[in-house]
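Right, one structure below, let's go through it.
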């Protein structure tokens, strides 16, 4: 599914460009001027706050360009600002392949993304954030074409984090070969970890459980969503089909253990 | 034969021919020891044996009475002296060569490693056996009837044993030596803690001065090694020999080993190599055979039954030789399997972690962790004072020479053992789990800790409990049993904790296998 | 009763004593080395080609061998087991009998040098475990693995000679040491930064100096150093060391580390053929002292260890806007509050001449064209407006308080180097941005702020240090 | 006395026990003593080896006389080969020096001829001659721990 998007990227973009004026006409007809004003104000905020990195077209080619971060092991990782024109988001609550829902985008705007220099914008007025969210949606046709999916239902069982569950999770971690990327001890140093690329062809690193928090937050629910929805655009697939819900929760227990979240209690 | 008829050369020839007989006769003056008279003469006429009585009470020879502990301690000292003499052949007390000399002894000297082990283990075994010997003396109620001062000498011998071992520990100049020396010199300097509190350190620095005298400088170095060597080779051996001479001499003066006032019939001479001859011999009955008749003071043996004595030759000497060979074999067997430790060359920059004193001081190190002064000097001083005072505070004359005096004594000993163990384990458990003042109020004045720390409380409890025992039983003897039992239990448990249960940074571990790997 | 008891005790004890004297005697008479020497002798006798060789082999006396070298304070007893070390007949034999490899012994006669001076290990020991200094034998310098052994050559020889004649590894290690910027953090002979530990004498540091907790395999100096190069934080979790070495480079540098020993060889042992000092120009100085943090200096980096952005100091945009004098002050005095330490002679041992060379190298690509002057003084700056602008434009890189730091791309603006800088310099930086860094141009070329706005922002930035 | 007669068998058994015990004890003590005395002689000491290399034979053309001062050995070379003579006087270990008649000891006046034979003074034995040997690579070495009969000279190819 994802490769097909990549493949048709250029075609779609062209189509998108053609469709853009058309859709705005449609939009204008369907919604009142209020919406247009919202997008317009979103654009202004975007230009001041977001354009530096994400670029005027939302393609991630802002003036700041590529950010370089030297990892602890000395390797230099290039961080590219998110290309918003694909509407592919990693941190969603929706199933894989779906669009992110509004709250997901707002969450990222609000909380930022740790270790990627995307700052948190909680301090700016909520209207501005809403406006920017709407403006971001104008970068991709997908927001027009597709309907947002239902968010994944998360019901955390009580036994998550129990030592039994951790043990089961450990077995699943081994069976699912998570260690090939994340390292057999969860330190992000698996055999494949050095040559992982994302859909934009840039090098990325598998998560090292021994350092810091997950980018979307480290609550058990967040971890569960990551397993269920996958991180679209990266090598982290969705395990919705390959693992049943219970197993995924076991895996959550084990990852929490790896992150040291269970020790503090 | 008439001398006048013989020529000078004839006399010379005769003397030459009878040299075997005359030589033997010159040290066996009374002929071969075949009769009680000659057996007695062997003992009396021999320099090495005359320390013994000519006759020995059968109770003394009863293995279950003495357990041979005093003898074993003495023989261990003899073994340590001889093996130490051999080690001196290679050792040289210089920080440049001491370590290499020990390495050479280990590696290129035939039986060198064994000799070093023998020296090390016989010395350390002495501590155990001297303590056991003391326990025997306490529990058999033998520190009375003129033996009070000999008990004091015994305590001095205990201290000398400790110090001899400690100084020997420092001679190889490895990491163990160096850091033990550092710790000990700082314990010597511990009164500083007290003088600091009173603000008189700059006028009267007794701790600092002691340390400087001990080290021959302000930090361990060549001078320290020379001084420690001097102590270990000359001063302390001289001291221990002198004290030991007095100790033995007093045993004889005080009428030989203690024994019960009444020795049952079944104890009397059954199957001795030389059974007691009740009549005959050169001495009349109802007499002792020592010089103590000339001496003033109590000679408890005078009025007692001498029927239960046998001639020392050979009965006592067989026993002594057997114990000697037993000791020697034990030490050699132990030394064959267990090597004396030798760590890296001394390094002033990097302490061992945990920097442990030799094991026999680890009980103290456990106490030192609150206050160097109290743990290193105050409490040991008080404990020794307490030991010294035992014969003077318990002057009941009954039950002399009987293990645990009576049934009550046995009960008191068991009870004190349990109570003492509970107290020391309890205090250790409390401190390990909750810490002490410094952990609760980091800024607390050191005086508080000197005054109130687990060691002091433990000591106070031991004293209070033995007083309670005296009050309850109405007998000071029971108090003595209780006090000594608790002292022994505290020493053993604290030493065990310090040796086995303490790991890096003096943290608590159930076993050394749990130590974080260094 | 007693007599039988004591006699039995005597008998049993004596028998035990005799037994232990017997087994002790047996142990003393059959040391490990005797076995090897017998093997060696048997081998020679069996494989003798002619009668005279056989005779000579049969004449070999079995006994402890020792090379005592007074000037080196060594008593090497290695040959007690390795008796065939000089014997060409043993070239193919198994250890411990094999002849020494290579032609090293030609110029280093064993009688003069012994073994442990190069191979380390415990000279006095006479059994393999302790002589090789394996774990738990309490010997600080176990036998050095052959891959690091060239570290011993540098005790007597110069690197130029080693490079040409059989000491390539240590020579390359020395080169690497200069190229990887080790001295940026570590002092050697008084020269170098302060961030890391002084590595003088590391090759002869006692075992106990190192924390061996995380070392894999034998706990010894060599494994510690090698694994520390592989991943510093795996060995010392709180380490801030920046390394990125291949396995081979790590080995070479480990070899080089073994040359840092405190004991000096006696004069008559050393052989310095070429006293050629390596060429020290701006580039090599930059590599020695700067490269570890600043990399090639073209682009700025956010560093995960330091938790801050390291500036790109060779970037034309930077060198264009800064003059040599300003650079010199920064290098000499360091930057307070950052990992940039002072490099003047009294602090890190760099002479003025060295610093000049480094500055020359840094500013090598400085564009001819000076930036267009901003004319800060012309504008009447409004600090309050500057603050408003700062809070939308600058805050997410430099932080609301201007402190930069963890998670922020921007530098610390409250740093004296910024606070005391000429406002003109700051204004030009804001206007034109810094190529190669995330600092974008806010002027007309970039985000299209006008000069008044920029002046306001700069004025506000200048007031940051007064804020709490 | 009565007991003794009643228990003769026991006595004799006891005698045997005593004999065995004391025999074993004496044996054990001798063992300990022997082991202890062996202790004072080490396998090696911290001193230079008695063997030392003297270089190639080309260094010693015929007619050479040289003394290795730190080793106290003279080395000579004549038509019949190389030979090494100790410089240590056999009387009490002083160092002899060459003289017109051979060697002269300064301590008690011992005199030796050029082959080391005693010609005067208290010396009991002639000076020792040492073995000279050749390594595989042709280097010569003297083993001052190994005396050879007087007159042993070595010719090397």
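Chains: A, B, C and D, in written order; residue numbering restarts at 1 for each.
Assume contacts are C-beta pairs under 8 Å (C-beta built on N, C-alpha and C of every residue); 3 or more make two chains touch, one makes a residue touch a chain.
Worth saying up front: this structure is predicted, and the values here are computed from it rather than measured.
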Chain whose Cα centroid lies nearest the overall Cα centroid: C
Computed distance of Cα centres, chain D from chain A, in Å: 88
Centroid spacing, where centroids are CA-atom means, of chain A and chain C in whole angstrom: 41
Chain B-chain D separation of Cα centroids, rounded to whole Å: 46
Whole-Å separation of chain centres (CA-atom averages), chain A against chain B: 77
Sequence positions of chain D contacting 2 or more other chains: 14, 18, 21, 25, 28, 32, 35, 43-44, 46
Shared interface positions of chain C, touching two or more other chains: 3-4, 7, 10, 13-14, 17, 21, 24, 64, 66, 75, 77
In chain A, residues with contacts to at least two other chains: none
Pairs of chains found to touch, sorted by chain label: A-C, B-C, B-D, C-D
Residue numbers on chain C that touch chain A, as the complex places them: 231, 233, 242-245, 295, 299-305, 310, 392-393, 396-397, 407-409, 433, 438, 440-441, 446-447
Residue numbers on chain D that touch chain B, as the complex places them: 1, 3-4, 7, 10, 14, 18, 21, 25, 28-29, 32, 35-36, 38-44, 46
Chain B - residues contacting chain D, complex: 82-83, 86, 89-90, 100, 104, 108-112, 114-115, 270-271, 273, 275, 318, 321-322, 325, 328-329, 332
Parts of chain B lying in touch with chain C, wherever the complex brings them together: 58, 61-63, 100, 103-104, 107-108, 110-111, 114, 174-175, 270-273, 315, 318-319, 321-323, 325-326, 328-330, 332-333, 336, 342-345, 347, 349-350, 352-353, 516-518
Contact footprint of chain C on chain D as seen in their complex: 14, 17-18, 20-22, 24-25, 27-28, 31-32, 35, 43-44, 46-49, 51-53, 135-136
